[in-house]
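There are two complexes below, and they share chain A, which is joined by chain B in the first and by chain C in the second.
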Partner chain A sequence: MLNNIKIILFCLIAFSLSACTNVQPWEKGNLAKKEMAWSPDAMQAAMNSQVYASKESSRGGNGSAGGGCGCN
Partner chain B sequence: MSKKLLKSLNMAALALPAIASQASTIVDSAEISLQYGKYQEDSLSSDEVSAGSLDRYDIDVLQFGFVAPLTDHVQLNLHYQQEDLSGASPWFNTKSNGEVEQVMSGATIEESRQDISAQLTYVGSNYSVSGLFGVSRENDYEANSIGAELTYDFPGKLTTIALAGDLSFDEINPTPYYNSNGDNTRVEDEEKESWSTHLSLSRIINKSLLAQIGVGAINREGYLSDPYKLVGVANSIVGDARPDSRFATTVSARVRYFIESLDSAFHFDYRYYSDDWEIESHTIDIAQYFNVGGGVQLVPSIRYYTQSEAFFYSDYFDEERFDNYYSNDSRLSSFGAITLGLKVNWEIQDWLFSAGYQRYTSDQDYSLYDYTSSALSLVSFNLFTVGVNYKF
Partner chain C sequence: MKKMLKNISTAILVFSSVLTTTVNAETVKNMPLTGLIETPNTSFNELKGKWLYVDFWASWCGPCKKSFPFMNALQTTFKNENFKVIAISVDDTKAAAEKFLKYNETNFWVFHDPKGILAEQFQVPGMPSSYLINPEGEIVHKHKGFTEASGNELMSVIQAELKK
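== the complex of A and B ==
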């Protein structure tokens, strides 16, 4: 639990200290590219997620709140 | 222009059986996608198995997706998945001359699963809200889920917060197994209920860099054991018996970095998981999206995973446990796994063709955690995928 707290604090600090330049709308070209999406290939991500949830003991944590399957 | 760009950055993907959404983006036009996957587990060698089949699972997966804007502010996502599974799976372990040996089931498992889900999203000027539901059906398992997701862009449009939650109600009716008296030795009509929630914060760091941190919780209650597995306990065989509740938390961090000189995007994802079965894990995913010209994109990737063992796991129990929890399912053991992958995408006008391959190997020696017991049925597999996407 203490480890979790340390990780979260670190991330929050990193976020607030990060050199956030003010990005103008016309500068956002690269950010909008499909390969910069959190999940450019949703179908592949879903398949991978399901395979790993069936073969390993961890679930979630990828921003999704997933429903169930009988994956034994 | 900037509204759309920012919206495409907001994460909060909410994935039911297979919809992963970019909740605060409305697509420009309708899209239809089809993907086929072939999953093949490596066979075991005869010295790894004392009885039963050497072959493991072989699964064919077909995924169909459709997304369309219904109005300027509303989007509909539909997903259908069909899976056909055949093969054998680890059944129980025995102990002979001090050595633990694995017994596999016969290669007679054949199952089919159908999955359908739908999501409706409304996108406002600086927020979005979406609702989704999904059902999953196999001959022995039924799952019904609902979920919702909210995103909000802070003034300045550099930071987005997202909150997602879902509920799932599952029913388990295992295929019966009759003993010599004609009695079914497996459980019947069991239930499971789960809920999960996830909160994330995404930020544009500069014109080439995005970062996100997230925390989540997952709660599962009800029948959580594997009805098809048995466990060797002090010279007898009992059913797989796990606690009837499981609570987990996750912490995650992700980065997307565009390298202009290479026309390439770098992806880094990290997740920490911890639950009250004493399973802790770390997952690192790294991928590089290379645009090589002619509409072709190459994506090599690598994933490392490691987990600790559950408190009630052992490959064999010499003595009874005071709490009567037992499992020899290797998925609850301490192990590590590495996946190497390569995907090729080819975009030509309104079409996108893709093909991918992943190789997964797992081993106790790859684990960062100690282990008190061996794991005889860790899996290695190949996963091939081909897909097509059309915008109209």
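== the complex of A and C ==
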């Protein structure tokens, strides 16, 4: 019985220490900043993409979703 | 043992239900409104008796910028029908909101909600979000986001509601 209580208490404490949080839509101002984009410099990103493509003889497989203000 | 587990789970359920209770936003509560630039401070109670188009926006939100000409048109179209457009900025700082307003003309009232208190009360699902509120203070229409098509749709909805 004591073991079960310890397990339950441990789970409660572990969940309460979780760093995950929901960012509300009106709090996404910082995420919308240019420097928060995966590729803040479009020309640099294009050059990197060209270099990788020429070295690997293939294109694509880069870029990712996320960041931004999430508007609309 | 079983009784103790049952008591613990009941306590957790009660505690979590208290934490997750939110204000019902279907009827607008009386909340203070802090004006920006030339808009005077007021409250939702003082605006009761009017049709309100409440829009939540921010200077960092691209679609919000596109909605401003629509809101100007809305205020002009319905100015004689006891209708008021209210735009609420959720920018962290007043300076950011005022800088945006310097380059985007408005003929409607603009308020500031830097801590998101109003946004939370309305349970804003995305940016921008708009709400049509009748003179009794009830939310009759909600709209999330803004595109060119949104303008036409919203105008139709508002015209229909005002005719009722």
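The rule we apply is simple: the second predicted complex is superposed on the first by the 38 of 72 C-alpha atoms of A that agree within 3 Å, B and C clash if a C-alpha of one lies under 4 Å from a C-alpha of the other, contacts with A are read in each partner's own complex, and residues count from 1 in each chain.
We take it that a residue touches a chain if its C-beta (ideal position, glycine included) is under 8 Å from a C-beta of that chain, and two chains touch if they have at least 3 such contacts.
Predicted model, so just to flag it, every value in this text is computed and none were measured.
By the touch criterion stated above, A:P25 is placed in contact with chain B and with chain C alike. Which of chain B and chain C touches more residues of chain A: that partner is B.
Using the contact criterion defined above for the overlaid structures, shared-chain residue A:K33 touches chain B and also reaches chain C. When the two complexes are overlaid on their common chain A, residue A:E56 makes contact with chain B while staying clear of chain C.
When both complexes are aligned on chain A by C-alpha atoms, chain A residues 4, 8, 12, 25, 27-29, 32-33, 69-70, 72 touch chain B in the first and chain C in the second. By the touch rule above, chain C contacts chain A in their complex via residues 1, 4-5, 8, 12, 56, 58, 60-64, 90-92, 113, 116, 119-120, 124-129, 145-147.
Chain A makes touch with chain B in their complex at residues 3-4, 7-8, 11-12, 14-15, 18-23, 25, 27-33, 35-52, 55-70, 72. Chain A contributes residues 1, 4-5, 8, 12, 24-29, 32-33, 69-72 to its touches with chain C in the complex. Looking at the complex, you find that chain B touches chain A at residues 1-2, 4-6, 8-9, 11-22, 33, 35, 37, 39, 61, 63, 65, 79, 89, 113, 115, 117, 134, 136, 138, 140-141, 143-145, 147, 149, 156, 158, 162, 164-166, 168, 170, 172, 192, 194, 196-198, 200-208, 210-216, 218, 226, 228, 248-254, 256, 258, 260, 264-265, 269, 271-274, 277, 279, 281, 283, 289, 291, 297, 305, 307, 310, 331-332, 337, 343, 345, 354, 356, 358, 360, 362, 379, 381, 383, 385, 387.
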